[in-house]
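Below, chain A partners chain B and then partners chain C, in two separate complexes.
On to the complex of A and B.
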């Protein structure tokens, strides 16, 4: 066996081989299949992709998706930043309790959380009934079955995902650096904008990327809270597969999202080392 | 009293800090002259860093007062005190270049750009980092980072500079080099330096005065010579330099190892003499250290300049130890 390719790669590869095969067969295989479908179904060519330009309907869905995802990301990251900041600055005991609550929210099904919002903010929900009851409003406020409802549901779901990377980057800050800023004459506000915020930038980028990418694939929340009026890409894809059976269009949209995310990561990597964003070794 | 309080400089009055039931600093009275290089020396947990943090404004004081040129600054937030500070590990801003780091105190004071540029150039010159302005802190060696921290803290010409074990992270050779630079910079800027360290050599070689601390209290204050020659307590004698302890007429005395004469048995002379056996000889290049077992006493250490030889005496040899009357310093009981 001496000098054969296998020993040169090292026997470690042999151990990984079964799993590598599994990943290729069950993950990369289907993705290749989807890419293939998108240029062959219903007929070979780029017809599916051309529809992006020619169909107002498709462009509208994409625009809605991106708009909702950007707004969700902005709100989740800002709110997540406040929560993470609070968590870093409370006593150890309170921080553990807060972290516990945050993790619990990961374990509650998105379906349950979405329906809870309907119960709270629907036409006959707790909030509207109360406000109507005390006479503060004459008509129920339309929180749900529109874009606002989708945003409320999605931001609520995404905040924990924003908090975790932010928390990690805030805990990495050497508190002596902040003390140094104060001793050099900076006020608390100046210290935040000039030192704290820049030092948490990797966490901010990581949180924004994570929330944005996860938001792109949201399906249940827009379907329920949007009341059929807010159509996002994921739901549209499922309709193409299950109802209209236009698999080529579905595959094209899936491929588009995949490349969109990869392009986003590529652009970010030009500005900063992704390894620092994802908590790797310090740059 | 009011006359004294109005004198220039930094005055600590009955300063006390408690954390719950634990007293980290108790009843500290200290007058620090303008332009002085004062070292707070003590083992970890002695309260020296607590004291520094109270002066800096990062720790509230439990009782007592801090006066700067006669006015109380006890309740003032750190950024209003205008004290420069060099932190352990330097605490440079990692996302800013050397220039931006040094300019920071002037930037946050919204000084004109031209003034800032001129001042930063001066500071880079002072710490000999003229060509490093555009580097990031992580691209510098430990000694260079230390100098950037110093330049940043001196940039806004503070009346007092606080240094918290600034050389702790450097290796020994570099440390001595930086000590010289630090001393030189102190001479040139004339700012009051308050320096915290647990390293007695640093304290001896740099300070105008040293404050020895233990268990949150001041053990003794004085010039390096005063403290070394006339330690008041056993703790002061053993923490600053090495010392033998012996009891004479019921009083504990400190006796420095280099003040003892050693001679072959029968050849010793002097008012104070004991006889013993050499248990061990250790060679340190510049000195020879003899550990001498003396019947009825603790082992006595004697340091002799190595070039004087002492070849006649080997381990196991019987020797006489003698010293002058002034060599043994009587101590107060702690």
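On to the complex of A and C.
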């Protein structure tokens, strides 16, 4: 680590070169293929992209997708923030147990979770039957098989993804800063809003980006919990590839998602250093 | 191009030798390596599939056991070729991808007849050889150039006897009438059958269904949209009904049979106006076992004993008219072509669906989402 920055850079590149070549061959190649498909199938030109403007159907699907992803991100990050906050403020033993539970949740397949929600909140699920039984409601509440169901399922799945970057960011905060704030006369609330929250901003952005990007590709949960009425872009792409053979449309939507995410990262990079967001929190 | 062809053949010959024990595993893999065939492709069965066997591409579950018993056993007894399975589901896009990639690993797909219409003209399928396969052993309208119907499945519906005990629904008109029959409905998400049901409910005559009047069908679908859920798989359709999410559910008729049995008759299947769908065998272009072998396999599947075994095992209805009269008593209520049901059913037009299916599915998705 004591060479000049340039040689360090050079050796580093040499080390990753084989993997870089692998990534280019196995990752960029297919992506180029997809991009090519989006301007050549069914006929050469930008017809697939023009359909974005001319087709109400596509616009509707994109709008549904973005709406659901934004709401999911908002809820996941807020709930994830409180969980992470609790985790850094409990004793070490409890924190380890909480982290254990959080990580275990990654092992549970998305299908199992989806069907569990149906059993809990479905029309004849545990919650509705109980509420009906004690006479609190006359009609079952429609939690599932609609957009609300999709949101419940997605937020539940995404919370752990929001917690991890937030936790990393909170653990790196120098708590003496908070003590200093209190000793200078700020109340607890003021310290939180003016000191703690701004210090966790990189974690917040990382969590929001991660959750939003993962949500964009969600397929199983909307397909099942939406009862067929909540069509998101991932499911639509799959239908266009497998059933209707509109590979050009599917490739166009895939390209749109890719560039959408890249554009998002670019916009973010204008406001803050992405390196602090992704991992390099300890500047 | 020729080199590639040669290498493929070298690998296939090697696979045969490997199968028969004339070549050890290591030599075979070296050969594959030289031929530029990824080990994964070998394991998946490209070269392997050539080694004197038929690979059926189907949907997994019980179908493996049932197809093995009904068609595989007699076929192996006759030809010595075993039947193997790829259970990843031969959707149109996957068949197209497989043929386009030049790495064809399946010999016969358990698909829909409309797939034959959609993929045949673009050169993705082998034509059916009607010197080996019999046109008389299927319904006359279901022996097409690139596919032949082996079984029939159907879109029917089940209803909750506790909700409509005294005045049960009898046809699609009742299914779409939420005023007379209040309660939730479930329909197939990918348009098939749902469009026909909607048009029949709207008063279109059985023999005047095709070409489908999409606007009229979608208007009818939308009229009950607030009361409808849509399923994408048989198990989802099943659970929507037995978990009480809907009071009437459109369903594949063999699933309907299972629901009646599982719930001791609480839910009842209505076969009147059931839509008969031709399930077909289609052959990807350049299938590894060769065209003749797979045509013999398809011919075996047409035999009456094979057809009746599939009916007993999977609830798939025979398409061979010789078998209609031999449908056993206990299967009569659920079989599409039984004497009991055959007059009430409506036949799907695979040519319309093959040519217009893509647009129809997208329009349907737009209407329900």
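One rule holds for everything that comes next: the second predicted complex is superposed on the first by the 259 of 283 C-alpha atoms of A that agree within 3 Å, B and C clash if a C-alpha of one lies under 4 Å from a C-alpha of the other, contacts with A are read in each partner's own complex, and residues count from 1 in each chain.
In this text, a residue touches a chain if its C-beta (ideal position, glycine included) is under 8 Å from a C-beta of that chain, and two chains touch if they have at least 3 such contacts.
Quantities reported herein were computed from a predicted structural model and do not represent experimental measurements.
Chemist: Pick one for A:241: touches chain B only (first), chain C only (second), both, or neither.
Modeler: Touch partner of A:241: chain C, not chain B.
Chemist: With the two complexes superposed on chain A, say which partner A:98 touches: chain B (first), chain C (second), both, or neither.
Modeler: Once the two structures are laid over each other on A, A:98 reaches no partner at all.
Chemist: In the overlaid three-chain picture, which partner chain does A:83 touch, first (chain B) or second (chain C), both, or neither?
Modeler: neither
Chemist: So, A:118: does it touch chain B (first), chain C (second), both, or neither?
Modeler: second
Chemist: Quick one: classify A:61 as touching chain B (first), chain C (second), both or neither.
Modeler: The second partner, chain C, only.
Chemist: Is A:195 touching the first partner chain B, the second partner chain C, both, or neither of them?
Modeler: first
Chemist: Just chain B (first), just chain C (second), both, or neither: which does A:223 touch?
Modeler: It touches chain C, and chain B stays clear.
Chemist: Does chain C touch more residues of chain A than chain B does, or is it the other way round?
Modeler: Counted on chain A, the partner with more touching residues turns out to be C.
Chemist: Could you say whether A:181 touches chain B, chain C, both of them, or neither, answering first, second, both or neither?
Modeler: Only chain B; A:181 stays clear of chain C.
Chemist: Can you name the residues of chain B that touch chain A in the complex?
Modeler: It is residues 56-58, 77-79, 82-85, 87-89, 91-95, 104-105, 107-109, 152-153, 156, 162 of chain B that touch chain A.
Chemist: In the complex formed with chain C, which residues of chain A make contact?
Modeler: Contacts found on chain A: 56-57, 60-61, 64, 118, 122-124, 145, 223-224, 227-231, 236, 239, 241-247.
Chemist: For the complex, which residues does chain A have touching chain B?
Modeler: 174, 176-177, 179-187, 190, 194-195, 198-199, 201
Chemist: Considering the complex alone, what residue numbers of chain C touch chain A?
Modeler: Checking each residue of chain C against chain A gives 91-94, 96, 118, 184, 189-190, 225, 229-232, 236, 239, 243-245, 357-359, 361-362, 365-366, 368-369.
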